[in-house]
């Protein structure tokens, strides 16, 4: 146990120590990104650089972060007219989903070297988690979770709004708590098998806390939303989110985005469904289909429409 | 209060009158999500049956010592414990089936049906009745899942329990999870129809 | 419906507007398209009659709404598919999409597009590959009985998506020649994707008669053009807006599907927002999504938003208009 | 007050009971779980090598697991391999990025514990000394028969159309592909999901290293006779006939799945990268082993 902990601390220390190296590179490099073509990396230098040195592919060493021993085949480097932006063209397409490391040497007169990471922007990744759980993998229409509550509370728009908002709130709070518990208690001590009990306990606790606080602080709001709180516990989305977080080893921000997206997606689904169901009240629906069966059929049609988002990659 | 129903009536009640999927409209998520084959339905059914029976018996056994104010947390704890147990057992001994169920095994913990049965039945009845009620509910769920699985596997893949029956795949649509919405809706309507016809026949 | 004319008359006018593109497509792809359309229309009418009879309602196949749905289903699926597909599509569109929800005027999603989404999920291979190359010699019977694999080709948008711009210009040319071909319909695609000219003419006639209003078609096409110009190219504002409008089903969707009376909002302001939504989602799916063409899903995704929009801009509860399902 | 005390007391007892039940179940199942996962993997691997229940692997066949690590010291990176030695012990060999031998250190670990990631990390850490950070990279299984190498098994993961695809690739000693098995994927059913079908994944069989290096995806339809040969199990084609057809197509590109070019391309590129990287690294490792006279068990 102890050696393990020490090793972990050492590892993080090594990472921190490596940071200045990366930071140093910042002085020389103003910007870097993957190019529009699949086999390009664009590098912008902070100041004008020696053209001959920049355009010499031998000065570069580019590899995928996970495979530092395998150098990628750099075909050519072209410096733009402004003398600052260089386009690195490779013989084969790059895998832009993985971070790449570019090490440059012998550039300026002092022979300055720089090593930096090229990867898709992290903010884009966070946003794609949010949009992913909101639309692309909408928990109701494409993951088929939380259906009992979904069908139960989507009859009226007001109910749907109340339920959706309460739900999103509880979801975010409980997901964050679960994340802390998972990262700092369950995982380090090998108690993964207690996941279910701990997560459901945290959810109940959150619901109870929100209930108490709301009752004291804003009784009006409590009267409006209090009834939904009990329903939240019986909803599988709320327990699914922590389980997914644990499975995917998301970090704090990513977990927050996922919870927000899942809650927002649930709210969206509920709201759309409720306005559709209000409209359907006037319709002459066959007796055997009245109520829940027709709601299922409509939800199925929603799911067909949501297939349109499948395969969407935003960033 | 003790139930006046016989054990058999309790079981039949769970399967027909109060079928968790088609009549009580509870625990719909797996009914839509993973009822793609008979085997999936059976496996999840077994897990639910196990959790329902164990939780019902546990609660019926301890009903006198459970403090009424912490009733619900106790139920949740009980269910979560048994779900954890079945989760670990399936992961260890049936890894392939477990992989197919994915997250749904763990989600049994949030099945409204189980909590509801504990609150409405097991907390008031003796162990024997609770056991048979649990069996009825579990079987009702399992049979509902298997009926859905039957339709979807046959129409979607042309197989039953993995054996090729039709020799061709009629409509891929039915194995897509979203077809679950349509299948559940149509089957529910079908059972409503049967009920109407049955009542009419009884009156006549 | 703004004009005081009868539902039947409007419906049959719409049908008439859809006939010229159909006739043209017979010359482009052969008699196959006519067979598919006939099967589709016949099965829609049959399913409508059967469901109405089973539900004990008045049979209204004479009003032309089922005919329109049938034609539109045929217009949005590849012409090389088996005739079984439009039959299944008809069941989805008419029985499940329309009559279970209360019949004409009460459907939430556009029935023809629902059928397309359903078929695409059920027969992904046929629905994405059974396109026919345009005939060069007017031999309209050429493809009859030929196995699908031997003739299947790819639509311009699919080529653009999977093989890039280079392959696209190789196959379909550049500049004025490309636009003319696309405008006249000389390219692989579904019936509704072929001749932009005839679709626009049909749409303009409906506008002239006052059967549809300009709000939705203009906003849909405008948004598609604007966003494709902005984001469709290598750099910002270098996309090709004209190509974006002419390729795929953008025109058919804008004129004949997005403004279907039942599934679009009734209020003018909501219609404008709705049109922008359809256009934006179309471009989003085309550029970033998993499918080459997005207008089908864009309209389906905006359909359930229309009651929400109407609720925002028209505080009074409204009753669905009678009739007008397309 | 008394009420609260009773509640707390009963809740504690309930939690203890629940903990007891779960703990017992955990202890009872944990070993079986690990064992079964291992057995499953072995089964897939053996089937890739052509062994099955009817045709079991002979006793002389052995699998040797080689774990690759990234070793970091300050900002320098190097490759580290945990190798099983002929005498049954383990050794950690560090090779720098240019391919020169750096260090060798004996690792105190048993064969059984070597299969567990945590145990390995601890043992290697102890062996190479402080100041160095290690990160697990991947694992290769070298298969020997009577001490001669017969195959390499490479578990790998690469991006697909939707999420990651994980697969096991089997190579012969000349790096020709013996087989490919898709373990996990989330591609669309009916489209990209078809990558698990024999008519797709068996196309990779028999491709030599040279072919794989240039492997592309073509959109022409899969020829009928080839498809029949690929699905020989289903239609009972004779082994010789199958071999003949396979031979004829062995240098061809991969025929894309209809409607799922992106998934087909993902798998092809993934396989390509796996084979190329492995061939490159193994050449270096083998050279170092010979130079340093390290007697590995394979």
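Read from first to last, the chains carry the letters A, B, C and D; within each, the first residue is number 1.
Please note the rule applied: a residue touches a chain if its C-beta (ideal position, glycine included) is under 8 Å from a C-beta of that chain, and two chains touch if they have at least 3 such contacts.
None of the values given here were measured: they were computed from a predicted structure.
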{"item": "Label of the chain whose CA centroid is most distant from the centroid of chain D", "value": "C"}
{"item": "Result of counting contacting C-beta pairs for A-D and B-C, higher pair", "value": "A-D"}
{"item": "Chain whose Cα centroid lies nearest the overall Cα centroid", "value": "A"}
{"item": "Whole-Å separation of chain centres (CA-atom averages), chain B against chain C", "value": "42"}
{"item": "Separation of chain A from chain D, taking each centre as the mean of its C-alpha atoms, in whole Å", "value": "28"}
{"item": "Inter-chain centre distance, chain A versus chain B - centres from mean C-alpha coordinates, in Å", "value": "33"}
{"item": "Rounded Å distance between chain B and chain D, as computed from the means of their C-alpha atoms", "value": "38"}
{"item": "Of all residues in chain D, the ones touching two or more other chains", "value": "18, 22, 26, 161, 188, 190"}
{"item": "Multi-chain contact sites of chain C, meaning residues that touch two or more partners", "value": "96, 118, 121, 124, 290"}
{"item": "Where chain A touches two or more other chains at once, by residue number", "value": "193-194, 197, 286, 289, 294, 297, 304, 307, 310-311"}
{"item": "Category of the chain touch graph - line, ring, star, complete, other", "value": "complete"}
{"item": "Complex contacts: residues of chain D adjacent to chain A", "value": "18, 22, 26, 70, 72, 74-75, 77, 79, 97, 99, 118, 121-122, 125-126, 130-131, 133, 137, 159, 161-162, 188, 269, 273, 277, 280-281, 284"}
{"item": "Residue numbers on chain C that touch chain D, as the complex places them", "value": "124-125, 128-129, 149, 152, 162, 290"}
{"item": "Complex interface listing, chain C residues touching chain A", "value": "55, 96-97, 100-103, 106, 108-109, 114, 117-118, 120-121, 234-235, 281, 284-285, 288-291, 294, 296-298, 300-301, 303-305, 307-308, 311, 319-320"}
{"item": "Residue ranges of chain A touching chain B (in the complex, touch as defined)", "value": "141-148, 151, 193-197, 200-201, 204, 233-236, 238-240, 243-244, 247, 286-289, 292-297, 299-300, 303-304, 307"}
{"item": "Residue numbers on chain B that touch chain A, as the complex places them", "value": "25-29, 32-33, 72-73, 76-77, 80-81, 83-84, 87-88, 103, 106-107, 109-112, 115, 177-182, 184-186, 188-190, 192-193, 196"}
